[in-house]
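Each of the two complexes below includes chain A, the first together with chain B, the second together with chain C.
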Partner chain A sequence: MDPARRLGRAQIDVLAQLGVSTVLLGGIYALIAVGLTLIFGIMRVVNFAHGEFLMLGMYVAFWAYSLWTLDPYFVLFVSIPLFFGIGYLTYVLVMRGVIHASHNVQIFTTVGLSTALQNVALVLWTGDFRTVRPWHSSVVIRVFGTAFNLSQVVAFAIALGLTLVLFAFMKWTHTGRVMRATAQDHDAATLMGVDTDKVYRLTFAIGIACVGAAGALVSPLYAVYPTAGLQFVLLAYVVVVLGGLGDMVGAMLGSLIVAAVEVVGSYFFGVAWKEVCYFILFIAVLVFRPAGLFGQRGAETLGV
Partner chain B sequence: MHRRTVVTVVTALAVVLGAALAGVHGQSLSGEYKIGVLEPLTGPLAGEGKRHLEGYEIVRDMINERGGVMGKKLVFVAADAPDPTAAASEANRLITREGVKIITGTFSSRLCGAASEAAARHNVIYWESSCVDPRFNKRGLKTVFRTEIDATGFGWYNIEFIVKYLAPRFNTKPNQLKIAFLSEDSSYGQGVTESARARAKQEFGMQEVAAEYYSFTSINDFTPIITKFKQLNPDVVHHIGYTNDAPLFWRQAREQNFLFKALVHAGATGYGSPDFGKALGNDANGVFALLEPGPGFRLDALRPEGQKIEREFREAVQKRTGSYPFGGHQLAGGGLWLLKVVLDRAKSDDLDKFRDAVMSLDLPVGSVINGWGVKFAENGQNANERVQHYMLQWQSGQLVTVWPEEFTTNRAKWIPLGAWDARK
Partner chain C sequence: MLRLDAIDAFYDDLQALAAVSFEVGRGEIVALVGANAAGKSTTLRVVSGLMAPRRGRVLFGDEDLTRVAAHLRVERGIVQVPEGRRLFPFMTVVENLLLGAHPTRARAARAKTLEYVYSLFPLLADRRAQLAGSLSGGEQQMCAIGRALMARPRMLMLDEPTLGLAPVLVSRIFETVRAINLDGVTVLLVEQNVRQALTLAHRACVLESGKLVLQGRASELLGDERLKRAYLGL
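Take a look at the complex of A and B:
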């Protein structure tokens, strides 16, 4: 083939691949971030244990796969109610006590919870790196010189679906409206007869159910080990701040932006720079647009 | 507390105390020689730490069956060092309370620096068997010795393998070979990678097409790097990875159909970990990892004295654990055996005499456990070319020894690697 033409074609392939990688990686970040943005946006609680619930979700998928060869997509149907329950219990046992305390107390509590969960996993399942290998994790789809993994495409599709469902739930259902009202003004909502404790319980449970589902979906793609959550949790914060707290669509867009910064930064400047790139973006957003790139409701209660 | 319990406790204390005192005084009387063994026995590093201790104990028993050290029975005082602070304070305790003149340990690069620093302050000999931190013996300390090579030694061996073994099979001269370096950014990854880069460039004039570092705690996607590497078209990818990132890179390289001729790694993490094979099954085929000898290792390639001791060592490990020695057994056991060799020669734990004995040792490759040889440098580091290391390759779910060829019955396959689906 003519080298000049091949070069042109190759460049297009590279750009296409970077684009595809951005979208798919963004999907994974969005999966993890939607639950976080819900909890962060409505309860104003910085949940540092979010990554550990993701890790637990991955372990559920791992054990279901290795004990009964259940596909992670099937496990999803068990994980969502299971993690809804875990979230509900965690709220009742741990979070309720600190929900009206200062942010510092909440941070200490969730960091403590995070460390405790990591160590429980370490004791129960050791520090070994486990993998889930269902058939779809090794299926590669090739389109016009780009290549991607089937599990990743499914994860992206479900992330998109989940975001839209949550968005619709928040916007059009009565419960969603009550949740938004509580986020905007906790005291006024109480005066209107809203049971805010119930709202928080539900919010936390839904948020944890989302991340439990995320754990099942990312399990075919990443190694499962006790500190697996740390790999993603800082990133999820960047995403949430970028997208605006409590904004589902913002979280989706924020995920895509972070993924784009990461992919493009890694390609052009080297992987070592990827975190520098997106944390500069993070700081810039905090300085210039503290309410997130797309603005948000109730930012004033954050004191940012 | 019941009176009887109190009496029992007091009696027990008296017995222990008496025994401890007798131990201090009785080193020459009872014919025991005590050394300190410092390993992480609790905390996140405990798994490997315990395996090291097991290796030490196996070889200690072997030593005692063969006349002990300096005519005395070798005994251990083991201490737990889960983190650098504990490593330093336990080293101090072993020296001041237990009165040891020699400490051995500590496997982790996080621990060996602090522990040996504490030992050096008391002028106590510190005999390291496995940490690979390159800074360990660059502090001008006269009391530290290391039997295993350091991270820069790994880089040295990897380039040795690429130049002596791979290049001729690719029908390429080393200076025409295109190599891409990829590594996680801890002191281990950097130590291996930087020494490999320097040797590849200065000694052999290889063409370095890329050198990329990443943090293994936050890498979620290798496709941008793989896309870049595909354009640079390297012959060899030199990747030092941990256990979560190595399978991710390999899986994504396959997805992206990134074709190159060989991937070379060093160390027991990442591609060198059994978890890599579990994660990828037969897709792991073809990867090279520099390690201690594994299946396929030929005893008869060693010198007669090396064969004998290696066979006895393997049998002892088999008897105790029921399996082939793991890396931890091999490093700890091999290191302790060398300590015996030195003590036999020095006939004393006096620092000057001990040092003279260490420096005068000159054993060729194949003389001791692991097929190692000995030649220490003034800084207390055993020589790269004597501490024979071996290249292992993933073949059908197993890491087998493939290089140097005179040491193994297995042969490397898939050279060059060829298409991803053709490596069955």
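Take a look at the complex of A and C:
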């Protein structure tokens, strides 16, 4: 039977709305997750401070808006180089010392960094919820019975664009090839004359630039406070595991799946249940397909 | 061209090389032979810089490389084909080859060197878009040698290039090494295939439990009684 006949007009609208929300949300999650999976894939380090860089990105957008009424999507062009630099410095000052250490040491380091950044934000900017409300966050677009605000669409488009640029960079430039090669075989890359420390600096800088950009993009949509990064980074871990650790295409598809679970779960069970929904999915993937839904078996140890 | 000067190397407390000294002259093929765990691969790791010796010096030309980082030694022209190929399995053949041309010296001549590599191994040209991990063992070895050549080596180090290959491929690899040498590349070769290695090389060094026990002209070593008994099974 034609589903359109079985379903009433209202149900189709709901489905369309859920679909659109999924895609819009998924695009932003992808940009957050891609930076995380890039860092993990190449450096073999899980960056538990990833969410805090997102939080910093949101604060940058907030202050630029409050002090100079700069639009977050304009601030983005400053945020990307700024967070590239922050990532670069963080690598040199913090990560370099532990890059060849055991996983335990690395986890303590990035968790410590995360706590430190949260508390720095708390001291500097208090725990207040702050919001950025540029004009486009109140413009509602209606297409075929679905509604979404302009900020969401722009954020999605920019996130998608940045993710695709990163893909192209990794696939077709010499530097991208060098980064992938380092992920696959660190020693062999060294024997090709690759300065792997330089690759790690660059990787961390790019990963942090992505999440800093994401921070600016989500600032008109979510409130910012010192632990604002947590809500995103938890789901970014789910995305990264779903997609196969270190797999960038997997991270994109994983973002869509997590966004779908969140949107559909929130609609049917209520917003409070959304985390339960995607963590059930997360545990199921870990039990049944630890290499990720799309990962090649064994690839998680090669970082592809 | 290359000189190792009283190298001592350790894996933690385990001594892998003891006072190893030898030279490789410009344009030579020098074979490094010996049993398993004699220290052959360790010697190459010390030369390429993947491993730092506890004592001794590595000299290349007039320069002391002992404290120079591994990736910078590639810039100087020391390029190693690692044991077990170590290709980048999830990248295509041509991507692997292009990565070989990473050193600044090699970057500009990339297209020309690629042609040279394809002429040496026409098969790689046919397989250029295939993932390196899906090649057969012999093809992978060709790809690994090709990738090293892309770096425009002045000295090429090969670690067990014929390990696990069918006899016909073994001869093919040896012929290629000779051709590369005739094109002006100095070769330092680690081989378990002692007889063929000695036939190919100009000179050879024999390692035993981390010590250099014998060195000389390869043709003379082929007739050496000790070597015959120990490695050639005669």
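Note that in this section the second predicted complex is superposed on the first by the 285 of 304 C-alpha atoms of A that agree within 3 Å, B and C clash if a C-alpha of one lies under 4 Å from a C-alpha of the other, contacts with A are read in each partner's own complex, and residues count from 1 in each chain.
By definition in this document, a residue touches a chain if its C-beta (ideal position, glycine included) is under 8 Å from a C-beta of that chain, and two chains touch if they have at least 3 such contacts.
For clarity, every value in this text was computed on a predicted model and none was experimentally measured.
When the two complexes are overlaid on chain A, chain B and chain C sit side by side with no clash. Of the two partner chains placed around the shared chain by superposition, neither chain B nor chain C is touched by A:V153. After overlaying the two complexes on the shared chain, residue contacts for A:V94 are found with neither chain B nor chain C.
Contacts of A:V263 after superposition on the shared chain: chain B is touched, whereas chain C is not. Residue contacts after overlaying the shared chain place A:Q17 against chain B, while chain C stays out of touching range. After overlaying the two complexes on the shared chain, residue contacts for A:I107 are found with neither chain B nor chain C.
When the shared chain is aligned, chain C comes close enough to touch A:T190, but chain B does not. Once the two complexes are laid over each other on the shared chain, residue contacts for A:H174 go to chain C alone; chain B is not touched. More residues of chain A lie in contact with B than with the other chain of the pair chain B and chain C.
Between chain B and chain C, the smallest C-alpha to C-alpha distance in the superposed model amounts to 36 Å. Per the touch definition, chain C reaches chain A in the complex via residues 48-50, 69-72, 74-75, 79-80, 82, 86-91, 95, 98-100, 102-103, 147, 151. Interface of chain A with chain C (complex): residues 174, 177-178, 180-181, 184-185, 187-196, 296, 299, 302, 304. Touching chain B in their complex are the following residues of chain A: 10, 14, 17-18, 21, 25, 28, 122, 126-131, 133, 138, 140, 142, 147-149, 222-223, 225, 228, 230-232, 234-235, 259, 262-264, 266-267, 270-272, 274-275. Considering their complex, residues 44, 47, 185, 212-215, 217-221, 223-225, 227-228, 231, 243-244, 247-248, 251, 254-257, 273, 275, 278-279, 281, 283 of chain B touch chain A.
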